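Here chain A shows up in two complexes: once beside chain B, once beside chain C.
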Partner chain A sequence: MIKIAIYGKGGIGKSTTTSNLAAALSKHYKVMQIGCDPKADSTKNLLNHQPIRTVLDQIKEKGEDVSLTDIVYEGYNGVLCVEAGGPTPGIGCAGLGIISALQKLEELEAFEEYQPDIVLYDVLGDVVCGGFAMPIRDGYAEHVFIVTSGEMMALFAADNISRAVDNFKNRGYARVSGIILNERKVKNEKEVVQQFASESGHQIIQNIRRSDAVQRAEDMGKTVIEAFPDSDIAADYMKLAETIMDICEEKEYRKCV
Partner chain B sequence: MCVDHCFEKTLNYTSPGHGGWGIIRVAALVPESHLMFICPSACFRHGALGAIQHGYKDRTSYLYITPADVVTGYDNVILEGAEELLSEDDTIKVLFLFVPCIDDFIGTDIDSLARQVEQKHPGITVRACHMNPIAAETKKPPLVTTIQSMLSTIQTEEPASELAVNLLGSFAPIDPESELFSFFAAYSCKVRQMADYDRHTDFCELGKSKYNLVTCPAGKFASRYMDKHFGTVSVISMTSYEIEEIREIYRQWQKLLETDSCALTSFDLEAEEAKTRAAILQTKETLKDIPILVSDSAVVRPFSLAKALLGYGFNVTEVIAQDALEGDKEAYQYLLENYPSITITQPRHHRSARRENFSTHAVAIGFEGAYLRQSDYVVDLSADEGMYGFQGIRRLMDMLEKAVTQKADLRKMIEEYGAVV
Partner chain C sequence: MKRLYRYLPPFAGDYSGVGSALYELGGMLCIHDASGCTGNYVGFDEPRSYDSRQLVYCTSLRKNDAILGNEEVYIQKIVQAAAEMKPAFIAIVGSPVPMVIGFDFDGVAREIEHRTGLPTFGFDTCGMKGSYKDGVIMAAEKLLARLAPPYMPVAEHQKSGKSVNILGATPLDMSEENVQALRRLLEAKGYAVNVSFFMGNTLEDYQRFHYADINLAITQAGAVTAQYMEKHYHIPYLAGLPIGDAGSAHYFDCLKRVLHTKKSLEVSQIPIPISMGAEASGKKALILEDGIIASSIRTTLMAEGYSHIDVLSLFEKDSGVDGLNMSFAKTENDIIKAVNSEDYNLIIADPLILALRKNQAGVQLIELPKYAISSKLMHQKRWIYVSDGWDMHLKSLSQDEKAVNY
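Here is the complex of A and B:
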């Protein structure tokens, strides 16, 4: 089982990237996508906007009686969709929400039950506290991919994430395995992001070109892989899936030898 | 007797008679262990007092954290604290890092910190523990996770294949007079208990035993862990005071041990049973119809004990139990149907604070019932400690007889037992 966490600044396109990646990977693998964002909208394009009950909603409603069928939904091409959920805006603690949701999945032995080949954690924004570091801890994701554009704030967030992950390098946590450039048509965007990647010791593994197909697909409640499989941007996501699998499988292989 | 709603969830009342083993006493069963509590200064005061009371003061340390630490995270404070402790005390072989509910909220990765300390100190086993009462009603309450942490210190390279049985559940050791020991000895099967060991390396023997005998619910979690991690085979044979049930437990174990091609050498089950029946008759003769109250602070399955005592002809008038546990529900139903006059009282129900006193001329089995009903006579028993098999019944009979010889000094009994309220 390969476990991957996707991080990046809020609004940078993490959920779009993650759900398209899940859809692309689902052509050959059994995939589970876990949205770690209180907005609970990570998987909506895999579920045709079908409403989903979050793990925290179900814990609140059913307490210890929550079962996997209450929180795991099957989406496009068999992708298993889970949303951690979060607190009522303005109260509670979003970090604790992620901790509770991931612990509940572990307690219910979700991975043993569904046996996905790939688990994708789509994590909200920066690694601001313990809760947001949960997906990269030992036993959770082994690989972190950071989504960024060439915009200053996106790069600033990417740098913070990279440093946070690096801080935990002695603990057996996940490592940054690559940068995904989600283009925003910023001047010299590739060069700027390439410079950031070089300075932080990472590589850009894929450019996702800007395309209005993403918005049109989202309006339909779909990923571009489902709605416009022959589009250029669908090809970018397919290529991204292939590259990510090469990186992860290579590391799995190295671990074995 | 209540019929449909014996058990209510209400505002809780905690009597001075309530209490059992606290987390410190349980974790300290691991030999050569030290417990470091990482918490604000107001947390764990109760545990600290319990540690002093039970003589574990030198095996516990407190690392205080401040509100600023909570906001900024305090991984380094923990690492420095553990370092300071281990540099000053070279007798520690196992270090438990206990964190409170706060760490559930802020997400301290205490397991990872434990590994870091362990890597820096080869030869010392370091484990994370959670003293988080907020998880009390979840599937992983503090006692369960603490037991798992304790068992996870067991290091064994050999599979669990030695002809030996671990007694899991009761933290106090079973009375060595119990026929349980001669029964297993007759099959050349060793008996091991957590409380048997003074050295951690010897404690690890528990991971080599082929079998676990689970004597009470706390042992179920332990046995699940051991079955999964060491490959033990667990049999749930709860402490019982019913002759037929005890006979059945031994039959079940006979069958199991015979699969190991072991022959029973000498164990007279019939003689044990006959001695027990004689003891019951004698005690019944002494107690006559004095009312008996059975409390769940004394035994894990109070309804089963009440059923057994009623079957032997004793006058059980009240069961004081917060709930009917899984292995006790059948007996609870039996009492509802066959003894409708028996009162069932929840000790932690807010109404129990009134301490209604119908008559003090009664024997209470357990401190909590004794406190609530102010009974003259008290059987000094907590959580089935030391009790098992036919000898357990005989010992209970002996305790009942001794109890009615003089009016009890309940306060002294509770203090001597060191119940953690």
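Here is the complex of A and C:
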């Protein structure tokens, strides 16, 4: 089982990237996508906008009686969709919510039950507190991919994430395995992001071109992989899936030899 | 509110279970708290802390450090203390605040191990769910994961055929005198104690646990650990305790059976010979204790002629043995309800629980102090119930009764 966390600034296109990646990977693998954002909208394009109950919703409602069927929903091409959820806006603690939701999945032995080949954690914005670092702790994701554009705030957030991961290098946490450039048509975008990647010791593993197909697909409640499989941007996501698998499998192989 | 304990003190928490399990092993225990949980552990949950030396540190977690995530402050304190005290290992143990801020115990343990070179364990305890039992289980599994050799079948000639491990022994469950009585009885019957988890051994001793022919799980914590060891090391186990002459004879019959069949069992799963007329005696008893200890007492009482004996486990469902005939108290209310049932002729429990019985006429109450419940308040009332201590104590009780009547 390969476990991957996708991080990046809020609004940069993490969920779009993650759900398209999940859809692309689902052509060959069993995939589970876990949204780690109180907004609980990570998987909506895999589910045709069908609202789902989050792990925290179900814990609130059913207490100890929550079962896997209450929180795991099957989406496009069999992708298993889970949303951690969050507290009531304005109160509670979102970070602790993520921790509780991931612990609940562990307690219910979700991975043992569904046996996904790939688990994708789609994590809110920056590493803002301990809860949002949970997906990169030992036993969770082994690989972190950072989504960024050439915009200053996106690069700032990407740098923070990279530094946070580096701070934890002696703790057995996941390591950054690559940068995904989600184009916003900023001036000299590729060069700027390439410079950031080089300075932080990472590589841009895929350039996702700007396309209105994303918005049109989202309006239909779908990923571009499902709605416009022959589009250029669908090809970018397919290529991203291939590259990510190459990176992760290479690391798995190295662990074994 | 249903889960509030209004009359009984809160039972020893999971962090105390970890501390109690690791007590004798020469480690440095760092409780990550503002000082309340450390106070609970050393002041109320560890009888050995009064007259022996143990390295227990409180990190003195403060509000700003919790908000700002100043883990480095604590890491440095621990690294510095370890350099001075040179412990065999370091254990970082959790409390409610680290739980709320999502402190990563395993991650920080790795960081400290990287800096000190000492084996470091992180225990994600919080003192808010479960009990000491969970901490004892956690300690056993982490030690085994770290110290245990990968499974290799031990050649028969390297085994004596009569070598046993004792699992689940901490003062929170039973007094040192009871564990010593068990050791003496085993030795008198020709068995050698290989390792006792967690009383009477050094850290190095744990590395030879797999040479035992059988694990003897004496508490629920022990039975859960025994299940783990059976799964990973193929050592069968017997859950229970030899209590009273009849119970002890039955216990050793069960022990021989497990050694012969290599199939694990709990003492109540094999019928004990019942005295003549027991079925018709109509005598009813209730035992409120750790499920495995209580089940062993039930076996003895059956031999003594009780026809109906209920067991109420005080420490949650996980008993390490499937399908045991017992109930589980989830709340103080469950305990109060059970102890006040008019049906029973005999009730056995910690004195603080027995004090909850309103109508004490016509029922015999036997006090069985448990440190995890009544701590030092009732420690002076402890007695040896393992082996023939049970019969001797009951005899002395009936003599006292006669003396009073006289």
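Throughout what follows, the second predicted complex is superposed on the first by the 257 of 257 C-alpha atoms of A that agree within 3 Å, B and C clash if a C-alpha of one lies under 4 Å from a C-alpha of the other, contacts with A are read in each partner's own complex, and residues count from 1 in each chain.
Following the convention adopted for this analysis, contacts are C-beta pairs under 8 Å (C-beta built on N, C-alpha and C of every residue); 3 or more make two chains touch, one makes a residue touch a chain.
These figures come from a predicted structure and were not determined experimentally.
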item: Side-by-side fit of chain B and chain C on chain A, or clash; value: clash
item: First, second, both or neither for A:230, with chain B first and chain C second; value: neither
item: First (chain B), second (chain C), both or neither touched by A:129; value: both
item: Chain B versus chain C as contact partner of A:93, first or second or both or neither; value: both
item: Touched partner set for A:212, first chain B, second chain C, both or neither; value: neither
item: Contacts of A:112 with chain B and chain C, given as first, second, both or neither; value: neither
item: Touched partner set for A:170, first chain B, second chain C, both or neither; value: both
item: Contacts of A:64 with chain B and chain C, given as first, second, both or neither; value: first
item: Chain A positions touched by chain B in one structure and by chain C in the second; value: 93, 95-96, 99, 129-131, 133-134, 137-138, 170-173
item: Touch list for chain C against partner chain A, complex; value: 69, 100-104, 106-108, 110-111, 114-115
item: Complex interface listing, chain A residues touching chain B; value: 64, 93, 95-96, 99, 107, 129-131, 133-134, 137-138, 170-173
item: Partner chain C, residues of chain A touching it in the complex; value: 93, 95-96, 99, 129-131, 133-134, 137-139, 168, 170-173
item: Sites on chain B touched by chain A in the complex; value: 73, 104-109, 111-112, 115-116, 137-140
